[in-house]
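Going in written order, the chains are labelled A, B and C, and every chain counts its residues from 1.
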Amino acid sequence: MEPILLTGNAAAAWGARLAGVDYVPAFPITPQTEIIETLGAWLDSGAMPGRMVTLESEHSMLTAAGAAAATGVRVFSATSSQGLLHAMEMLYTVAGWRAPFVLVNVSRGLSAPITLEADHNDVLAARDSGFLQIHCTDCQEVVDSVLLAYRLAEDTAVRLPVMVNLDGFYLSFTREPVRLPDLAAAREFLPPFDPGSMRFAASAPQSQAVAVLGGSPYSYFRYETHLAARNAISVYQRIAAEFESRFGRERGAVEAYRCDDADIVFFMIGSFASKAREAVDRLREAGRRVGLLRPRLLRPYPAEIIASALLGVRGVAVVDQNISMGQGGVLHTELAAALYGRGSAPAILTSFIGGLGGREIAPQEFFEMAEVTFRAVDEGRSPPPRLLYTETELRELRKLQSVALAEREQTSPAGRATP
Amino acid sequence: MASRVLGTALFRSGFTVQDAPKYGAERRGAPIFSTVRAARGTAINERGVIHNPDLVVVADDTLLTVPAAGILQGLEQGAVVLVNSRESAETWQHRLNLDVQLVILPAAAEVEDRAELPHIGATCAGAAASLLGVIAPDVLAAAIGEELAGLGELVVEQNRRNALAAYRAVQDKKGLVREGKAVAAGDYTPPAWVELSVDDVGIAAPDVRAVANSVQVRTGLWRTLRPTIDYDHCVNCWWVCSSLCPDSAIRVENNTPIIDYDHCKGCMICVGVCPPHAIQGEPEYLAQQREAQSADTGAGDNNGTDTADG
Amino acid sequence: MSEIISRMKDLPSAHLLGAGTPMCSGCGGLEALHQIYDVLGENTVFVNAAGCMTLLSVYPFTPFRGSWLYTAMASAPAGAQGVRDALDLLIQQGRLPPEEDLQVVVLTGDGSAYGMGMSATSGAMDRGLDFIYICYDNEGYGNTGQQYSSATPHGAATATSGGTGGFPGYKKDLFSIWAAHQPSYVATVIASEPLDLAKKIAKARDMSGPRMIIALSPCPTGWDYDPRESVAIGKLAVKTGVWPLKEYENGTVTHTRIPRERPAVEEYLKTQGRFSHLFRPQRNEALLTEIQQRVDRYWAQAQ
């Protein structure tokens, strides 16, 4: 099929349509709303069979999604930011049910302060929930990942819900050429959902998600969920290989771009990773041996694949579009944990916090992150983490502060005059 | 409650103490467990279940024979088991066939009334204090005052009397309990850790595909009072008692109500609602004694008795 | 499963809910549930919110002959939505024979129904969800030790209202809030009146749309009385007019029992430790009068 121009949100909706989802519990939130509106229009016009229900909250939406999946239908849902956090209790809960379905998250910064633009703290807050996570860099990956996500979630060796993440604005509202798999090919790749023993029916009564007493059975069920998630690495690789042979697009668990002879690599997820890809090309032109390593699959964490891609690499510049308060970048922490104790690991990991709340990352900043990392490799010591924030930005912020402050003082009853 | 009295008494006697209740899913009326640890001078780092107790106090002897209760697990030679029972130490020694020192609490309050039940805790604590040999009677009395203060002076007094009587009753065995030793690190049995396999989701999710298998749980053990139907007076209005029994423990056969003693929790609702007063309540132990006697004499006593169910 | 229940003799004699559950001895909520289960039968899926009843199914046991799904405290009605929609879809698509269909039943405590789960319940009614909602109302957060909820009656002592006046708030009128949504059916029941209960549940069973039931559930543990009194206290709640038995249908509220000679409400209050501070060390005349007046006013308006 010829490529057409689609936004990331439209690509996500197409993913659901091609997957032949039966049921879409929904709730609006910017920048995700377009996904459910698109699906709603298709369902209303009969372009696609199935049923959509708008719940009264994301907490309810996730409950309905998990319950429907546990009853035996194919479920799709989407949310973002505050919505994902509002549903947090149910993310853990439905993963514990082992209910397979797909949830698209359109990443957006968390309140407070409230904002609309991209930032990964929302999706990373769900990293321990039992949902698997696939992260996208462009709109093509969005539609492909939704199909891959269903195969992964429903695989009998996995049986867990999967989240597909795309960044607000940079993908959600951005049109790019996308090749849509045709319906027949999509169906061949993704056969109908077979719920196995998990369903509700008069002749097959069962009590699902019952309480346990004591740490021993609890440990068993929780660890089984973990083992199923670990299983998902090889299952994903198998599915991605099949996807590539059918559709010709490489979708492995980790993208390694020009890493083979690289001295240093950027390590990041999300839409800004394509900016890093661009920077890698420019740096290569300037004679610097730089690459990009980008996990598509963040849960389960493909530690072995990452470690072997880093063989021979001397320094890694980790760019985190998130921040764990009081600790720093989540990707940086996790990469350090995955590499620690491996003799072959790169000696230097540098940590950069950039792109919070959709803040741009300029090409020069990528070049400079590379230089800082090269220097650290030469000196044999990692510098402290750095927030990507310029003098100009700080000056502008100071102006905002003076406006905010002046406003308060002018209206104060004490009538203190400010110069 | 017993554990808190004992804990406070040991604490007031100069020991470092740790006491804790253990919660299960069961609600009021179900058997409960608690633990007390005491050490001289040193901090107590161990927590949770006591694997090899030096003293086990059993307030309800019906629990002794229930394997699931696990009361006698981990008892090492020389450990002491204090049982509140109407039966003799020899009987229990014979029944349980264990190399432990059994002490019977003869002052066992005959619990005819549930309101009396709380006193059992203080009584047991009194006897236990005596067996430990390191708690003086006045310290025990003070501990009871401290722990039960919220219940009013009358209750405190009643409990004090019971506890001190129990203390005296086992005085000949004062100090019978000896201090246990910590697990040695030099020579230990390593835990048999296993690798969990990735099980099929059909068994690896917390789902139950059996139906109504809760009947395997014998909640009849909770019972301290037993309802018995006098069929001579029963007028077969089964819809009264069998609908109102919360626990589905009265089934109906040929218009006749039959109590399922494996599950009857002894709430006595049926006793109160039966229009012709055909259901009598009595202490469970009396009913059991009666049963034992009739079994000895070979006379069948089938009045509403149904222990084979479920 | 659709036999008519009009006399005591018509009450189900086969009890479907398995014994051996860990509910308290004398639990008025379990008493109601087992009566309800006898009428609804096993072709049901109970969707539960956190509360005492969550412990009905503790691995590997269940008292149910039909199905069960535990969700969370706030969203059981949303779980019911997912199950109902999925069953409809499967039947529509021919993947599930219609005889495999299940009645979807939400089971929650008052803490969920009157509080945390209220918006999920309201949403389910707005959407006309085809389900039955059973709220067993023990007038507090029982599972966590009976703290006050918005179902706690005025003056009751709870773990978080132990002052001299007890709970300062007033029991929320959930019946009216639910009825304001104009669902297919709303009813109050109590296990101590099994015939009234069974009639209403049978009626709800044979209807469609949102069918909402509140069962006042005397709770020996939380209300502080001897378990044997559960039925007597339930009967007093009805006789004194504290718990009106009624139903809403087609825009009309009907009382299914109008207590003629209402004994003083204090006859009911006296039976429970949670109200003992109204009588000891001395009578709290003002509070007792206020409670009585509110009940009187209710019945004056109802007639």
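By our rule, contacts are C-beta pairs under 8 Å (C-beta built on N, C-alpha and C of every residue); 3 or more make two chains touch, one makes a residue touch a chain.
Labels paired with UniProt names: A = Pyruvate synthase.
Just so it is clear, the model here is predicted, and its values are computed rather than measured.
The chain occupying the central position, as judged from C-alpha centroids, is C.
Here A-B and A-C were compared by C-beta pairs in contact; the pair with more is A-C.
Greatest centre-to-centre distance from subunit B is found for A, with centres as Cα means.
Centre-to-centre separation of subunit B and subunit C, using mean CA positions: 32 Å.
Look at where the CA atoms of subunit A (Pyruvate synthase) average out and do the same for subunit B: the two points lie 53 Å apart.
Averaged C-alpha coordinates give centres for subunit A (Pyruvate synthase) and subunit C that are 43 Å from one another. Residue positions of subunit A (Pyruvate synthase) with contacts to 2 or more other chains are 205-213, 217. In subunit C, the residues that reach two or more other chains under the touch definition are 42, 55, 57-59, 62, 64-66. For subunit B, residues that reach two or more other chains under the stated contact definition are 24-25, 206, 208, 211. Those residues of subunit A (Pyruvate synthase) that touch subunit B in the complex are listed here as 96-98, 156-157, 159, 196-198, 204-213, 217, 220-221, 223-225, 227-228, 230-231.
Those residues of subunit B that touch subunit C in the complex are listed here as 24-30, 114-115, 206, 208, 210-219, 222, 237-240, 242-252, 260, 262-263, 265-269, 271-273, 281, 310.
Residue ranges of subunit C in contact with subunit B, taken from their complex: 8-9, 11, 13-28, 30-31, 34-35, 42, 52, 55-66, 191-192, 194, 220-221, 226-232.
Only residues 22-23, 25, 50-51, 53, 55-57, 59-61, 63-73, 75, 89-90, 93, 200-203, 205-213, 217 of subunit A (Pyruvate synthase) touch subunit C when the two sit together in their complex. Partner subunit A (Pyruvate synthase) is touched in their complex by these residues of subunit B: 24-25, 196-202, 204-209, 211.
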